[in-house]
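Shared chain: chain A. Partners: chain B in the first complex, chain C in the second.
Then we have the complex of A and B:
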């Protein structure tokens, strides 16, 4: 037993029953159906902007792009433009592939000892695979949920639903993304619980979002396939929220409010948690800076103005003394300073 | 290095996407669907099972009916109250609910449920209306 995941698990459990009992026993439907979701969305947006603007204000003292390939050079070696980009276009491509396919995670390896003492590095693909499944399934689930927030439901959304349910398993037809989300969340959770060295670096803030997202997927699947909630009333509630005319229909049931409360918690928790990698990925300096450190000068915004005293200024100050002492100077003073002074002074007066 | 302009542009796009449902529905009323019963359905008072059961489980019922008819060739459904019905979408369900567009479609469209019943069945077998 590890209190880091037990605390997270119990917290998610308690949150569910808070909403379930709050609506079933105390009738706080307006609180859990209208007030908390609005507050959560406000916290999400304001918190997100606050976090990202905090990052935008932070100085980038030097370039720290990671290079994973041959840099641009004049020696005729072919540059790896994707892994060591030197132009903005190539950086955009690298960022796009990073965000869409998680290339950094794919590079993940695991060290093993073979035959006792020989070190070998193996491709460790499952974290990447399940992370990819998890994120895409979650995206699909979120986009699919727009059917509760848009009226009429756009054709593109209906197409997505058709594709997502094309296996036609059961009734109502199984959405593959929902099942994939739950399976991937469970995998990522079990990975943290059962692999010792991953468990060692896992904190409650790693377990809590996994339990929470797992709980969202689980309650959602329960509502659709097992307990059957009244979907028309639910859409009435959600449409009320997005048209700013909140209505709370009767008889939606505590399970839905548990689900909605989970989502509200996720939204409100989002800006203050590791989940902010949604915004942070775009601002990773190791990924979004071109490797042109030798071609362009990166000025550290921290640099305070340094007072300099160049040799030219030094010589101007001490020229006559230097000449008197017989030291070499770059600009010899004029033979007849008096004449020069006469020639110069009118022009100075004009100025 | 200062990319604040780009970052703010990105944030603005993100917020626009997150609040999309609010923009999409702006100034629109979203009427709650109101399925209409035909005179025959009203007269029958109750469907094959109770209204609450039908509302939640009608798709399961139809699915079981289809499998029972097609696979086991059994065509008679006995309700909890002991009444007998022909297991047939066209002849039993649509006998009373002959107004698909005003009954089935109202809720299905609202909830974006697109059952594949109508891939095979015609919605008006008697040719009424």
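Then we have the complex of A and C:
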């Protein structure tokens, strides 16, 4: 019935076999090992920059932060500088915590209708928790992969690997981040499939990156624990890529090319998808602006003059009545210019 | 309200189960229902302010008599707004559909209609955005979440954009701060381009443009109404609280929503202002003036378009300038304060003809308003109380067990939380906040904001107000709360029927009604009744 995740799942499956068969059967190692990764990276960089510049080109006419705490005041009430930041420093802190701790998501509650017609709102931290695990695992995996692109491998990276593998499961050691990424991706996926309202709002483009990232993690783990690919050749390939002297060593195997192809697809897909929230959050006007709108004037670059109903027009229409009621007027009726202002009235009065 | 089911049945019928059979895009056409939808804007009102494509039409008709090139108008309007508003563009692109906002909207909670989940409300526009403005969307079509604009889509937009009160609750919970209110604002602007508005917004806009206030009260009648309150106050307290109008050279211009001049229980809040100003005049020589030209704090232009908001708002500074006051004091109103706090200075400033607001009685300099030069009355009153400048007898409010409804706009568009609570605690002895997840930045809308407080959409209003009412019910049952205080004129109009329906026995009051009931006016008679003419409890014994 719901073909959205099936389509995404099948797409990811097909992509894998494309790369697997393309290299194993057709020997297109250069295509999948060099050309596509370069192209994907180019698309990623150009697309990303283009998208962000597109946002940046749009004006910010009004300062509209969402205020989530007590405002600045002169009355001694403690300002909530984090949720209602009125200075640049406090805005930076708010943004920083949004980005590294997903603070807004941490507020999440779940609404329930209870016995006796009561509505309750309980803390719901699982989305926050697994989103956080997902992102940090992803980050760790990316950083760990730098070992394939750097020679010699920096000390800091080796330290990270030690920490990441402290659980010492099996041989070679299990990296926590890889497993966590897979688990979190599966959680986010199951959430999309089984929670009614999340399923209802999900598009195919919400399932696709999850399958893709799940696929990346899965093929990665397979290479490490099951098929034991030839790390030395792979490093030869990746170093060739970064040094711009691409070489395609023999015997790397289709599984690796599948993995690399997934990553290439992710990179190329990124700028055209919701994954751009990575860049967008920095530009979100409800979060990245100070709440000092009454204290410091914000300038709208396209502010333009508008037609207003001036006091003079108003007095012209109501002068007699105003005078009769004893309200002050600018021009007394005797001195009034001859032409009587006849404004049509709007429709009947509203209650 | 007679055609609403009883509240038990209403509540039991809310169904949050999500349809599994169909994709949301396949649920068209929408059934535009009576009780949910509002009536179309009166063409005379649209004409008066020059809004495009005025005509007589009805959302319940098949034919909406759209201008021939309506699709082109919408497409171009969309494009223009993507360039003019970064918020719109970014919010179109970055939603991950995580669903964190889904059950945060009072309309989803109260109706169970999945398209009232903020994310889906936004997707109504986003789907068209993908089709019209992104290559991938155009290429992939429906599987990429894109769909072309059509009459059916337009009807869906109209129906759901007028089921959002622009309250911003969703934006608090979104990991990227995506504000569906902002998207609704853009959507309504687009609809306005082809003459699709509702009368409850369009006619107040036209009235406000002409007479200075939403109700179309002409200057002499406005003055009459305040004089009528003056008489009432004199009957109750023996003190004459006659205000000044359009006084040139006054220190302060006072602007409040006209709803308070017109309908109970807002009128009592208005009497509260008059009494407070009289007290301050008598004791400290406060020189404050009202204006019939700028006799509206509210701004239904905000629910129409940015341009209309600016056109109506312009009166505030224009009048302050003409009268030569030092700064402006604003009454209790919700969206009025969002406009003042986040838009006014940018739109109609700089207000360099005004001075940084200084409370002439306490000397407090309101640095937080130093550019816009407009102060909220609860900031002003809280300051007076802190400096012990008011003579208050809170025991006159002892019969009230009070809770406070944070209005959406002062909460999430300003951050005004402590000021009103401080004032309330100092003028009454029994105050109980509602549960934490339903107040302050997480406050629930009254269900009638953003122009939806019409009569014909009562079912929608009772549904949207349900989470608020339910939280009131909690403190009503726990602490015997019988008074719901608020600082918003729409609340004062919308909450009484909401309480009557969901939590009978709870009255609605403005904060300054309670201030006035506690305030001892110089030279007053022994107070026997409150402002509503009800006998004071300590006298009953």
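Going forward, the second predicted complex is superposed on the first by the 301 of 351 C-alpha atoms of A that agree within 3 Å, B and C clash if a C-alpha of one lies under 4 Å from a C-alpha of the other, contacts with A are read in each partner's own complex, and residues count from 1 in each chain.
The rule is short, and it goes like this: a residue touches a chain if its C-beta (ideal position, glycine included) is under 8 Å from a C-beta of that chain, and two chains touch if they have at least 3 such contacts.
On a predicted model such as this, the values are computed, not experimentally measured, just so you know.
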{"item": "Touching partner for A:236 - first (chain B), second (chain C), both, neither", "value": "first"}
{"item": "Superposed model, chain A: greater residue contact from chain B or chain C", "value": "C"}
{"item": "Chain B versus chain C as contact partner of A:60, first or second or both or neither", "value": "both"}
{"item": "Touched partner set for A:117, first chain B, second chain C, both or neither", "value": "second"}
{"item": "Partner chain in contact with A:71 - chain B first, chain C second, else both or neither", "value": "second"}
{"item": "Which superposed partner A:283 touches (first chain B, second chain C, both, neither)", "value": "both"}
{"item": "Chain A positions touched by chain B in one structure and by chain C in the second", "value": "55-57, 59-60, 283, 298-299"}
{"item": "Residue ranges of chain B in contact with chain A within the complex", "value": "1-4, 7-8, 10-11, 14-15, 18-22, 24-25, 28-30, 32-33, 55-57, 59-60, 62-63, 107, 109-114, 116"}
{"item": "Residue ranges of chain A in contact with chain B within the complex", "value": "44-45, 48-49, 52-53, 55-57, 59-60, 146-147, 149-153, 157-158, 161-162, 168, 171-172, 228, 230-232, 235-236, 239-240, 242-244, 279, 282-283, 298-299, 301"}
{"item": "Interface residues, chain A side, partner chain C - complex", "value": "1, 4, 7, 51, 54-64, 66-78, 80, 83-84, 86, 98, 102, 104-105, 107-111, 113, 117-119, 121, 127, 131, 195-206, 272-274, 276-277, 280-281, 283-287, 291-300, 302-303, 306-311, 314-315, 317-318, 321-322, 324-328, 343-351"}
